[in-house]
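One chain, subunit A, links the two complexes that follow: it is found with subunit B in the first and with subunit C in the second.
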Partner chain A sequence: MAVIFVDNVEIDAEEGRTLLEVCLEKGIAIPNLCFIKHNDSPSASCRLCFVEIEGIEEPVTSCTVKVKDGMVVTTDSAEVRELQKTAFRLILSTHRIDCGNCPSRKRCELIKISRILKVKLSPEIYDPIERKVKAEEHPHLIYDISKCINCGKCVYICKKLHGRSYITFARRGIETGISFFGEKDAESIPCGKCRACADICPVSALLFYEHYSDLLKKQ
Partner chain B sequence: MDDNLELIEKEMLDDISSFLEHVEPERSSLIPVLQKIQAKYSYLSSDAIKLIGKRLDLTSSEVYGVATFYNQFRFNPPGKHRIKVCMGTACHVKGGDIILENFERKLNIKTGETTRDREFSIDKVACIGCCALAPAVVVDEKIHGYVAPSKVEGIMLGFEIEKEMNERKERSSTENSDGEIIERQ
Partner chain C sequence: MSGNNEDIKNAFSEIKKNAEKNFNESRNSDIPAIYIGMATCGRAAGAEEAERAILETLDERNVKADVIHVGCIGHCYAEPVVIVDNPGFPPIFYYNVTAGKSKLIVKAFLERGDPLYEHLLGAMEENELIPSVMGFPRFGMEKRIVMEKCGHIDPEDINEYIKKGGYASLAFALSKTQADIIDEIRISGLRGRGGAGFPAWKKMEAVYGSDSKEKYIICNADEGDPGAYMDRTIIESNPHQLLEGMMVAAFAAGASKGIIYVRHEYPLAVKIIKKAIDDSNRMKLLGENILNSGFSFHIDIFEGSGAFVCGEETALIESVEGKRGMPRTRPPYPVERGLKNKPTVINNVKTLSTIPAIVNKGGKWFSGIGTKSSPGTAIFSIVGNVVHAGLVEIPMGVTIRTLIYDICGGIPGGKAFKALQIGGPSGGCLPESALDTPIDFDSLTEAGAMMGSGGMVVMDEDSCMVDVAKYFLEFTKNESCGKCTFCRIGTGHLLTILERITNGEGREGDVELLERLAGDIKRGSLCGLGKTAPNPVLTTIRYFRHEYEAHIHSKRCPSLKCRPLTAFYIDLGKCARGCDACVGSCPVDCIFTTKGRKKGIDQEVCVKCGECVTACPEEYNAVIKVSPPHLVPHIEKLEESK
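Our next item is the complex of A and B:
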């Protein structure tokens, strides 16, 4: 067991666990979008989970830090918030904001993060970016690239559960997004019985057809 | 797709299948395999991508994901006439994207695609070395400078006329060989 201090609160935690995970379990709000439990090599790509740790000069991403006894952590210093806000606004600039018609609604992580960071749900300083990519068809899934924030969780979980990824990142730069390679053959893919990618997507950019209609009904 | 194209496609896939038999079934073979096929056929068809995936024990999307990362791969067969619109810095500043959009609209395809009859394909290219003529376009091996929307119309019209003339020639030659209609006004 290790004892750490987060925002002046003493916390017992198992040594070697991920700092972000421990904080989240204790109800400490740290914005995060790409963190996946039990992933030993986090991509740390969303750049939202910054914290300050005593003895380390610059803020660090808490999803890549392991708990050590005596660690002193601050989660909401001015510098941390500045970094998080910039990262969040950049993410928002690629996410088409249309909450009124979005099937995600309350599930959406972006809404939660905007409250923590007190950032309005609009691109503000950065011009919105539109990814002009043809939509692909899939027997089970609907993918909306204008919502996708490229966190990579769906690709990770697909590979983890099935040994290989039936969905992957395709293209690069601004046009990067998820691709199924137009897999039309429902028999050759496991998606019919699996819902993992849609469940893990923080912004509901990936949805199953039946799920989509359910969500729309609830509104 | 007409029969002829189907046949070509089938031959290509048979050839790729037999080529893949000699490839080590490992992930590391992926990029060399993609390059070989691209070099030989100038594109990676979706069936070819499936075959590669099968051989290397990857999903088709994994193969596609890797291939789309690189500019050197195309996913549609090259057209008989290849239109390459420069997107280099100078051409970009001079409105290369407008020219690109003009061709796309005219041919009703997007960049990287080929018309159904495989007559035309459009690609973006980086600086082709004639920035002074920006915006520049290469059509088949010919460079066109100071391209404006009206010039796009002109280029396409040129092809239409050429096509019509060829058709007319063909018609008159078959008619001749049949020995039926010889007199033409």
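Our next item is the complex of A and C:
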């Protein structure tokens, strides 16, 4: 057992566990979008879970740090908040904000993060960027890149459940999004019986056709 | 691991004896030898045409000579390069050898013994007859360790490499212990030439010290910086030196498998390195039980598909594993968990190619070259507004001023120096005040740039620094792998802001916004690409803030470069009555006749191509470019001129 101090509160934790995971279990609010529990190699791509650790000069992502006895952690220093706010605004500048029609609005991670950071749900100083990418067709899924925040959870979960991934990242730079390898045959893929990717998507960028038609009916 | 030292020595001297014999049989020292630089750069400059002309003329005139392909000697301004070794003369360096010059060399020099003084650059060795190239600073002030043999040997002939001392360091290393070799490299102080300058011995030691049975060594030849071509040239000109360095490093680290990650866009380099590997395998310098030492090592080629980010070591490993080239978080570093999660040494082409010299001459010798914290030499591809562009190898610690003005001949056209871009898209722009900065890892980092892999672009007074920053950001924005937020979206926003500034739509506070966002991207990004991508923006703001402010506040481009902020007009005081030179040059017919049969430009139609500036005869020079555009005087369009 290790003892660590997070924002001046003493916490008992198992040595070697991920700092972010431990903090979240103890109810300490650290913004995150790409973190998945029990994943040994975190993607660390959303760049939101920064914390400061005594002895380390720059803020570090808490999903890539293992708990060590005596660790002193600050989760809300000015430095940390600056990076988190910028990362959050950058993500929002490519995310179409349309909460009224969004199935995720009740469990939306972005709304939760805006509360933690005490900022508006808006990119503010950054002009919104529209990602111009042609939608790829899929027998079961609809992918909306204007909502996607590139967290990679769908790619991870698909690979974990099926041994190989039927979803992958594609393209480069700001146009990076997910792709389905051009799959057209509904029978050769397990998606008909599996809902994992749409369930894990924090922003409803991936929807199954039946969800989508429900959504249209409501509108 | 080391076997019987006598065995190793005997095995190597046997190979060397055969190589010398085969080489001597393949060359005839009684007839002239013509060496043509046939690396990618030479071919692009017309070396193939020169070769064809030489062969045809030799045949036509019935002159006997050996025509030998060599790699690149690094003097791009002189390409195509031909060195002629005519018995009775010292070897002579001819520059810009066109097909016509090739014929002349055969007819005048080989047939009549006239060395054509007007076409030669100098002799390759000291002699009484012809001044040596070493008197020319571009040769004399360089210090060649890695590139010593580049352009002098046939890269596809393993026998020549061995005859000229090749693979001796491998034989020597195999007779020592692994710890001895690592220690020698530690003493040399060799730092990684890929950009960050991490001590080379530390990686080897970490992998050597690991318990894992499987260990790897990877050569990173995924050179992608715009304007950088050092790695390509080294592979195309002396591939065996790289293989030798890699074998020594593999032996020291205990790796039994090596991978050379080279760009698919370098077809000639791929072909040459493949042949070199085959030849080494055939000579039993690679493979099982090398030189009876008990050490076995195999090398494979992996061709990268052109993603810039795969030059980042963890993305490179992902790519070799067959995944999308996206960086992993470090730690764990590749020396702990690299390829297939096994300990892996990753080094750049230049780092590995330096190792044979260190092993041959000793770490102490190497540490005496260059500066204390950055020993050895630096290789740069120096391009842009500079007279003698090309590859240079200089001792570390030489100042930027010496490099540009003394070694490379300064700025062409009598123009003023403005900035030096070092380190590609990850590096920065240094101004005139930084000209006396010594070139070494730490001084450059302190000045805000970085050594990088060795790309250098010299810019003269006509370059707009906001435009330069925009160019590099466009590159990184497109090459970002899209994994982490800061790099994927942040670079896009940096570019958007730079674009609006160069379009004359810059807003108050944009410079501060750039600084803030760039700082956050630098601290917040996942990998080296993102962490360094804002450097071009940050350094140009640091040294050329006034240019940003001129663009934003007075909508003026001080270098007259940004098209939306400039305009052309014709100075009626200079314009010649009745001269129509500019009229025909205009692609959009926007030049009209005004009073006194002089000319004017219709600003509404003008596309600012600048053709009229070129067309206007020099004695008038009447077309003037201004910024901001509203400085253009109103010139009346006459009705009857239509």
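In the analysis below, the second predicted complex is superposed on the first by the 208 of 219 C-alpha atoms of A that agree within 3 Å, B and C clash if a C-alpha of one lies under 4 Å from a C-alpha of the other, contacts with A are read in each partner's own complex, and residues count from 1 in each chain.
Convention: a residue touches a chain if its C-beta (ideal position, glycine included) is under 8 Å from a C-beta of that chain, and two chains touch if they have at least 3 such contacts.
Since this is a predicted model, take the numbers as computed values, not measurements.
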First (subunit B), second (subunit C), both or neither touched by A:K134: first
Which superposed partner A:G182 touches (first subunit B, second subunit C, both, neither): first
Between subunit B and subunit C, more extensive residue contact with subunit A: C
Touched partner set for A:E109, first subunit B, second subunit C, both or neither: neither
Partner chain(s) touched by A:E21 [first = subunit B, second = subunit C, both, neither]: neither
Partner chain in contact with A:R171 - subunit B first, subunit C second, else both or neither: both
First, second, both or neither for A:E52, with subunit B first and subunit C second: neither
Touched partner set for A:D144, first subunit B, second subunit C, both or neither: neither
Touching both subunit C and subunit B, counted on subunit A across the two superposed complexes: 168-169, 171-172
Touching residues on subunit A, where the partner in the complex is subunit C: 41-48, 50, 58-59, 61, 64, 82-83, 86-87, 90-91, 93-94, 125-127, 129, 150, 152, 168-169, 171-176
Complex interface listing, subunit A residues touching subunit B: 134, 164-172, 179-183
Residues on subunit B engaged by subunit A in the complex (per definition of touch): 46, 49, 57-65, 68-69, 110
Residue ranges of subunit C touching subunit A (in the complex, touch as defined): 307, 324, 326, 328-329, 477-486, 488-493, 496, 513, 516-517, 520, 523-526
